[in-house]
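Okay, so chain A shows up in both of these, paired with chain B first and chain C after.
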Partner chain A sequence: MERTLTLLSFGAEGWGDEIAAGVLVTVSLALATLPLGLAAGFMIALAKQSEERSLRLAANVYTTIFRGLPELLTLFLVFYGVQLGVQRVVALFSPGTSIEINAFVAGMVALGVVFSSYASEVFLSAFRAIPRGQYEGGYAIGLSNWQTMRLVVLPQLVRIALPGLSNLWLILLKDTALVSVIGLSDIIRQAGIAARVTKEAFLFFGIACVLYLVLAIISSIAFGAIERWTGRSEPAR
Partner chain B sequence: MKIILDNVIKTFDTFRAVHGVSLEIGSGELVALLGPSGSGKTTILRMVAGLEYADGGAIYFGDEDATEIPVRQRGVGFVFQHYALFPHMTVGENVAFGMKVSKVRRAKPEIDARVEELLRLVKLDGLGNRFPTQISGGQRQRVALARALAVDPKVLLLDEPFGALDANVRRDLRRWLREIHDELGITTLFVTHDQEEALDLADRVVILDQGRIVQQGTPEDVCRRPDSAFVMKFLGDTNRLPGTASGGRAVIAGASFDAQGVADGPVELLARPGDLGWQTDGGGIPAQVTRVIDRPEGRRVLARTEGGEVVELDVAADTKIAANDRGFIQVLRCNVFAA
Partner chain C sequence: MSDTAGRIIGAIERPPPPPRRWTGQRIAGHALMALWVVMGVGLVAFLVGAWDAELFARYAPNYMSGLVVTVQLVLISIFLGALLSAPIAYARMSSNRLLAWPAYAYVYFFRGTPLLAQTFLIYYGLGSFRPQLEAVGLWTFFREAWYCAVLAFTLNTAAYQAEILRGAVRSIPRGQWEGAASLGLHTFQTLRKIILPQALIVALRPYGNEIILMIKGSAIVAIITVYDLMGETRRAYSRTFDFQTYIWAAVIYLAIVETLRNIIDWIERRITRHLKR
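Up next is the complex of A and B:
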């Protein structure tokens, strides 16, 4: 028991500070990816409903690809593929220059495109659940298209999409574990290093489990509160 | 504000919904667009609102050509059939919303006072903090009207305003809408497929069929002087008896009727149940009672003529009559049209 507490303590003897740093990386990555994924997902959902056929096609191709590929493969494509592409372009202008893509940014982009693909479907369903009369109600009292979208549609869209988006957030939170393979020091990577060094794999991966569960529970509580607030206009059941 | 529709046409893909409709609605008038499903009445209303654009013809608001003006610039108040209240806003916020986003800047106290005034007008004072899901259908309809009136519209448009409500609520709201119209004097155009609603509420009724106006006039005009068999049948329960016209007279079920202006040949006599009488002896169309239905306002008698047609007629509640009785149907008032 004493050894366990020592291993989990903060400071030179223990791994507490490394694990805490891993939690910070995991949460930071998820939080940085979320707005990117939401914004892209929203734009893709708009494109999927566009009257412009080419936009619809592009959006459908995008979501088909990134929902079809394993997340890990997408991460490799972004981290190695983009890096390779950028280096080749740079080599044309400045031979011998080496460019490295930041692992955090690569993780953010890779998880962002996957998240946005799924989020676009959630938004699309939410758009379809809002009656046409809501748009017309906005126009009839003098709102522009943009005002109607911002003031009438979006607040309803959020309420309808929230359960689906909270699901996607939890998936995103867990998918951050994949960035450990490209050298980012998240919970999984730090737990893995600690397990190898101390030969206490069960302890450290158990701690990782607990941390992910705690993050999931906190997220669920937060989303529950948001859902209650956005659903305040609903009749009591 | 006067509204003029000049030869307005609307086509959806290959289907022509409105065929060259011309109509003038006087300033302060309350006009009903009445017709069966698919007659084009809602399409006309939506074109007046600017929610649909006409493919041909023109729409004028006063002297201004509004045909191409988008809905948000037309200054109309639109009340939707299913209310289209914003569910994430309270009743008060729904009513205030149009004023808050208007180009005409108003101070918050002024908006609040106007909301209170409108909620009082629609008899919903005290409900401003409730959400639309927390009030009844009739109350939602009144909120929708208050929201439409909040933007001080030049024209008020209502699409089947009471269509989703039960009969008693409809009756109350009809009376109330008429009172509000008389109080505000705003030019109002409303769509309905309910004849009673149109006749009860409107100064003028415009009857449509398959995208064309078939008759327009005061409720009395369309009821008492229908232009066609369609109008007469559409406006309420109608009995139809076939016959033949010759030289301005029509012979129907052995009885002779005036048929001035009707071409010689096969005709049909149309009469409402209330325009027929029953007597056990004397003249009329011989018939036998098949069924008697008791209603709060009297008795509805179903009788079969010798020609086999079933005729419905209304008699007083205390009339002694029973199934299998024989007698004569008296035609007190009727219309004869070419068949």
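Up next is the complex of A and C:
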């Protein structure tokens, strides 16, 4: 018992500080991916419900590809593929220099494209749940396209899309575990290092699982609060 | 009479449709589509240009065996998970707290933590208990990465499938249970003849999604040295440093997932024919 506590303490013999740093990396990666994925997902949803056929088709190709590939493979494709591509372009201008893609950025892009392709479906079904009359009402009182979107449609859209988006956030949080494979020091990687050094694999991977659970619980509390906040303008039943 | 009327209406000269204007959306759509086409052509050109018969002859059999491993892993864990999910879903819906609470905790744990962490916990973590496992004779089981992967995937998918099953059974109105009870069917008969046939229609799409998620999720077993499709890909890449190894894996995964998705769509269309108005 005492040994366990020493192992988990913050300090020279303990692994507490290393694992805390891992939590920080996991959370910041997820938080950095979220706005990227949300913005891209929203744009793709707009494209999917456009009247223009080619735009719809282009958006559907995007979702088909990134929902069909395993997340791990997407990560490798981005990490190695972009690295190769950038190196080739750089070699054209200044041969001999080597460029390394930041693992954090690669993880952000890979998780972002996956997140955005799922988020676009959530946004699309939320768009479909908003009656046409809402747009027509907006136009009738003289609002422009953009104003109707911002003042009339978006506030309702957020409310409808929120449960789906909170699911996607939890999936994103779990998917960040994959970046440990390309060398980013997240929870899993730090726990793995600690496990290898101390030979207490069950303890450290168990703690990693518990940490993910804690993050999930915190997220659901936060989403509960956001849902109440967006629901405050909902008509009373 | 109506025939002539139809001919007359058909003969009416309509004004020509207004020309389709080049709106911003249309330009953006064509530009993006052109980008996809360029990328697709570029990809094919890359694969053709990088074509290496020797490489193909050497690694294609490995990819095939990797594909077999992936399919085996997914099929076995989905099947075992389905068996395990029924009692879990039953316990979760039970009004007995002693049954419902552990089932809730089980589902929450396996849905709240990454599959990768669960796999590591079983494969590396249970190694901490080697003396105890050797004493009960289970060490030979937990020593093999393959068995650990199957165990982790089974436990994980059982949690998800239990939730699917629970949601589907919950979606059946109370009246169906009451009607069956008034006909004198007991619980098991009601479940088998009344509830499940209706619930499975609701559950089909989530089940299909779960299979697809498992196929995609199974790629992570490559990290614990199981040579599935992803594992073979990583091995081929580490030996050749040829990026087309990853492209081929992407093409195979995409083909599997798309085929499966179309099959599920087809099954759903077929079994919901009686619901269409």
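What we mean here is this: the second predicted complex is superposed on the first by the 232 of 237 C-alpha atoms of A that agree within 3 Å, B and C clash if a C-alpha of one lies under 4 Å from a C-alpha of the other, contacts with A are read in each partner's own complex, and residues count from 1 in each chain.
Everything that follows uses one rule, which is that a residue touches a chain if its C-beta (ideal position, glycine included) is under 8 Å from a C-beta of that chain, and two chains touch if they have at least 3 such contacts.
Being a predicted model, the structure only gives us computed values, none of them experimental.
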item: Partner chain in contact with A:L77 - chain B first, chain C second, else both or neither; value: second
item: Chain B versus chain C, judged by how many residues of chain A each one touches; value: C
item: Touched partner set for A:A216, first chain B, second chain C, both or neither; value: second
item: Touching partner for A:L69 - first (chain B), second (chain C), both, neither; value: second
item: Which of chain B and chain C A:A58 touches, first, second, both or neither; value: second
item: Touching partner for A:W229 - first (chain B), second (chain C), both, neither; value: neither
item: Partner chain in contact with A:F202 - chain B first, chain C second, else both or neither; value: second
item: Chain B/chain C common contact set on chain A; value: none
item: Chain A to chain B touching residues, read off their complex; value: 131, 133-134, 136-137, 139-144, 147, 151-152, 155-156, 159, 230, 232-235
item: Chain C to chain A touching residues, read off their complex; value: 23, 25-26, 28-30, 32-33, 35-36, 108-109, 112-118, 120-121, 124-129, 215-220, 222-223, 230, 233-234, 237, 243, 246, 249-250, 253-254, 257-258, 261
item: In the complex, chain B residues that touch chain A; value: 49, 51, 70-73, 76-78, 80, 82, 84-90, 97-98, 101-103, 131-134, 147-148, 150-151
item: Of chain A, residues touching chain C in the complex; value: 47, 50-59, 61, 64-65, 67-73, 76-77, 80-81, 84, 170, 174-178, 180-181, 187-188, 191-192, 195, 199-203, 205-206, 208-209, 212-213, 216-217
